[in-house]
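Letters A, B and C name the chains as they come in the text, with residue numbers starting at 1 for each one.
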Amino acid sequence: MVDSANSARGDLKLTRVTKSYGDFTAVDDLSLTIPEGSFFALLGPSGCGKTTTLRMIAGLEEPTVGSIHLGSTDITTTKPYQRPINTVFQNYALFPHLTIFENIAFGLRRRGIKDVDEAVNKVLGLVELPHLAQRKPTQLSGGQQQRIALARAIVNRPALLLLDEPLGALDLKLRRQMQIELKWIQKEVGLTFVHVTHDQEEAMTMADTIAVMNEGKIEQMGSPADLYDNPETAFVANFLGQSNLIKGSLVGTDGDLLIADLFGQKVALPRNRSHAVDTSILAGIRPEKFRISLLQTPTSGNVLSGGKIEDVSYIGVSTQYQVMMPWGQELMVFEQNDDGVAPFQIGDPVNISWEPIFTFALHGDQDAEAGTEVVPEDLDEE
Amino acid sequence: MKKIRTPYLLLLPGFAFLLTFFIFPILSLAQVSTATPISGGDIGEFEQTFRFRNYLEAFLDSREHFGRSLLYALLATLIALLISYPLAYALAFKSGKYKNVLLVLVVAPFFTSFLLRTVAWKQILGEEGFVVPTLRNLGLLSDTATITSTAGAVILGMAYNFLPFMTLPLYASIDRIDPRTLEASGDLYANGFTTFRRVTLPLSMPGVVAGTLLTFIPAAGDYVNAELLGGPNNSMIGNVIQSRFLIPDYPTTSALSFTLMAAILIIVVVYIRKAGTDEVV
Amino acid sequence: MSSLEKEAVVSRRPLGASIARWFGKNLIRIYMALAFVYLFIPVAYTFVFSFNDSGKSNITWQGFTFEKWLNPCGAPRVCEALGNSIKIGLLATIFSTILGTLIAFAIGRYLFKGRSASNLLIFLPMATPEIVLGASILSLFLVLQINPGFWPTVIAHVVFCVSFVVVTVKARIASLDPKLEQAAMDLYANEFQTFRRVTLPLVAPGIAAAALLAFSLSFDDFIITNFNSGTVTTFPKFIYGAAARGIPAQANVIASAVFFLALALVIIGQVVSRKRKVS
């Protein structure tokens, strides 16, 4: 049963792939390259097209336009059973009428391999569940099913392993544990993992490279640090972590720094963190980079004055403040509770300051709220 | 869902069969409904004359039986519904760990022959059974009145025989109701009766519709219950069709059959429209 | 009043009131019990009278005997009728299950033009009164100059059983998670292998249930059989014919035996499926 396509290896390359269902475009002119051996994440809110993209890579959907290559082999129209690609499904999709052993052996048998014992037992050891070989899927817990689904895919040593929100149904603690284990397994086995998720913390924890998707397109692609420290769009700035975006305009330069005017107050930002197209910008600073100080305390770096504390939330690790600025915008500040200083009170007049290098600038004509909506966890995308 | 030519291949044998042995016979029966006996020909020879008056004559001749059939079927369906609903409700919510056993027990009586069951009722409720003499001794029944050979016996017989067709769809529908919605109703100040009227009943409507259709349709065309449990005044349209067919009087039989089907169809369509479910199958 | 005295008053609540409360709470369970009694009356009657030491007429009780159970084929034509019913039932089941399953897969799995028309065609036989079905099929055979008998009966039974098979199998197919078949293809199974190793095993219980349903519908059918069987007697036909002159107790024996057999099969089936879930 092993086809020529089945032995393809290399980088996965999507070229100008579009998927439309009638009037609705799920994936819009998407191009991306996933390097062999990396842990790659497709991150985005539900409905952004990430699952559709994954299914096209698996062969369960066919692109309307565009091509998909694995190394030098064109796999755009090859059937799923002819691709050396395996999927870990969101609800695991374990075959209820087969034992765990037979579930794992399924792919091997279809490929004509007679002697499956060694491979199956080895992968059962890898996921630390050798004692469950003769049970049926319905007798396993969610976490165990998830690991078996992973084992069932890995045992085939695919060129690419696709994971469709595999940790969604697990509780928080188990999810954290599985995130670490998956990362370890990927390094151990050396396969290319493509992980689809809407959980940005999960993506940042596990992936080498993240592609942030929105409405069928890739907004930005890069390492977690790149995306977090240097977002290119408001969507990415708001979707990964949280951002304060302040409207302003570029008014001058100072060496490697650009000077911006934010509602009459001047701040500096590094040139290499500016994605402005013209002088109209949204200046962005992450809440944990802000420092609050009372009016008489000396400050350094960029300063925004005239703030008033509107809300205080004690979170244990940190205290979160909402500070109302003179131009009517509330800024979010996270202060770590590490210096024994009594927190600020509601109504306190304060200044906000931060190191200029932590400032980024985005093109000013965007919706500053893009990417901030809280979307309930969807179990089923298109 | 895939979109290729396979479905047509899969449908071919079954539909070819149904076309030959269902659609075609119905159509040929329809064709004979407007025929007349060949004058001077043998009994059972007819020629097509497009005599639509057959319908009018057949209907007028048997309008009493038509009315009675629809009435009996309606009453039997109602009684079956009244008996089955609490039973289905109890099965869904009040049977605990015995649920599966009880479900089997509901269907079990219908593993015996339907004719034997009906004959059993006939003998139990007849002159030689023990019910009639007992009632007579208690003074509840006069010496000349009987239970069998009455409309009541026929209706009750039909209700009994079609009980599982009513109970099972009802049960399936009621069982699907999340008991927490009933709790929520109570939490929002509704008493038991109001909860039933405003939550349980509407949510169980698909089952009610399915059950009543599965009962009414066969009941309207039945003749066995009428023959075994009823008297000469209780015969239904089924009895007429059966006896006419044996003559053979195909045109009348056919006309009566289609009139019956039309009547059933009209009632069913009106009912489904009112009840508001579109997929019955 | 001391607390002990209060307790005494409470425990002396009238027995009648306690009973009334118990009734109110369990009213529906009582109703359920009564309903079951009602359901089983004719069954019990049939069973009891299978022990009747009757001659030709089994209407009045004449004495207890095992004789009929020991010689169930004693009455003329009873076992012949039973045999015919079983043969016709098996044949009708096989054909209607095959045809119906194919149709169920077509309608349940594919979007195609004419899908709703197909649903309607399947619904029609269930909505047609048996008497019309029976009469029309017979008239077809008469036109083709085929005499009513064994095979016309089988064919007629298949006609009304197919729809029930389709509905039953379709329901089972609908409950199948499409992701399972996608997973199979993802794991190198082509379309045929996916069907053979994943789809079919998972749909099999539905097909089995449909076959069982078809057999019981065929076995118990009277009206359609009456039109199309000619001189061939089936069990229901035998009873109908004997109703006037007196049904021999052997018929009761057979019916009771069928009842217990069917009951046993269903219970075994339930126990087996429960065992499978747990092990």
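Rule of thumb we're sticking to: contacts are C-beta pairs under 8 Å (C-beta built on N, C-alpha and C of every residue); 3 or more make two chains touch, one makes a residue touch a chain.
Being a predicted model, the structure only gives us computed values, none of them experimental.
Colleague: Which chain has the mean of its C-alpha atoms lying nearest to the mean of all protein C-alpha atoms shown?
Modeller: C
Colleague: Going by C-alpha centroids, which chain is farthest from subunit C? Tell me that one.
Modeller: A
Colleague: Roughly how far is subunit B from subunit C, going centre to centre by Cα mean, in whole Å?
Modeller: 16
Colleague: Could you tell me the distance, in whole angstrom, between the mean C-alpha positions of subunit A and subunit C?
Modeller: Inter-chain centre distance comes to 55 Å.
Colleague: Just the number, please: Cα centre separation of subunit A and subunit B in whole Å.
Modeller: From the centre of subunit A to the centre of subunit B is 60 Å.
Colleague: At least two partner chains per residue is the criterion; list those residues in subunit C.
Modeller: Not one residue in subunit C touches at least two other chains.
Colleague: In subunit B, what residues contact two or more other chains?
Modeller: Nothing qualifies.
Colleague: Provide the residue numbers of subunit A that touch subunit C in the complex, in ascending order.
Modeller: Interface residues on the subunit A side: 1, 6, 58-60, 79-81, 85-87, 89, 91, 93-97, 106-107, 110-111, 136, 138, 152-153, 156.
Colleague: Could you list, by residue number, the parts of subunit C that touch subunit A in their complex?
Modeller: So the residues of subunit C touching subunit A come out as 177, 179-180, 182-190, 193, 197-198, 201-202, 277, 279.
Colleague: In their complex, what parts of subunit B are in touch with subunit C?
Modeller: Touching subunit C from subunit B are residues 1-4, 6-8, 10-11, 13-15, 17-18, 21-26, 28-29, 32, 83, 86-87, 89-91, 94-95, 100, 102, 104-124, 126, 128, 160, 163, 213-214, 217-218, 220-224, 228, 238, 241-242, 245, 250, 253-254, 257-258, 260-261, 264-265, 268, 280-281.
Colleague: Given the complex with subunit B, which residues does subunit C contribute to the contact?
Modeller: Going by the criterion above, the answer is residues 28-29, 31-32, 35-36, 38-43, 45-46, 59-60, 98-100, 102-103, 105-107, 109-112, 115, 118-119, 121-133, 135-140, 143, 155-156, 158-159, 162, 166-167, 216, 220, 222-223, 227, 235-236, 239-240, 243, 247, 251-252, 255-256, 258-259, 262-263, 266-267, 270.
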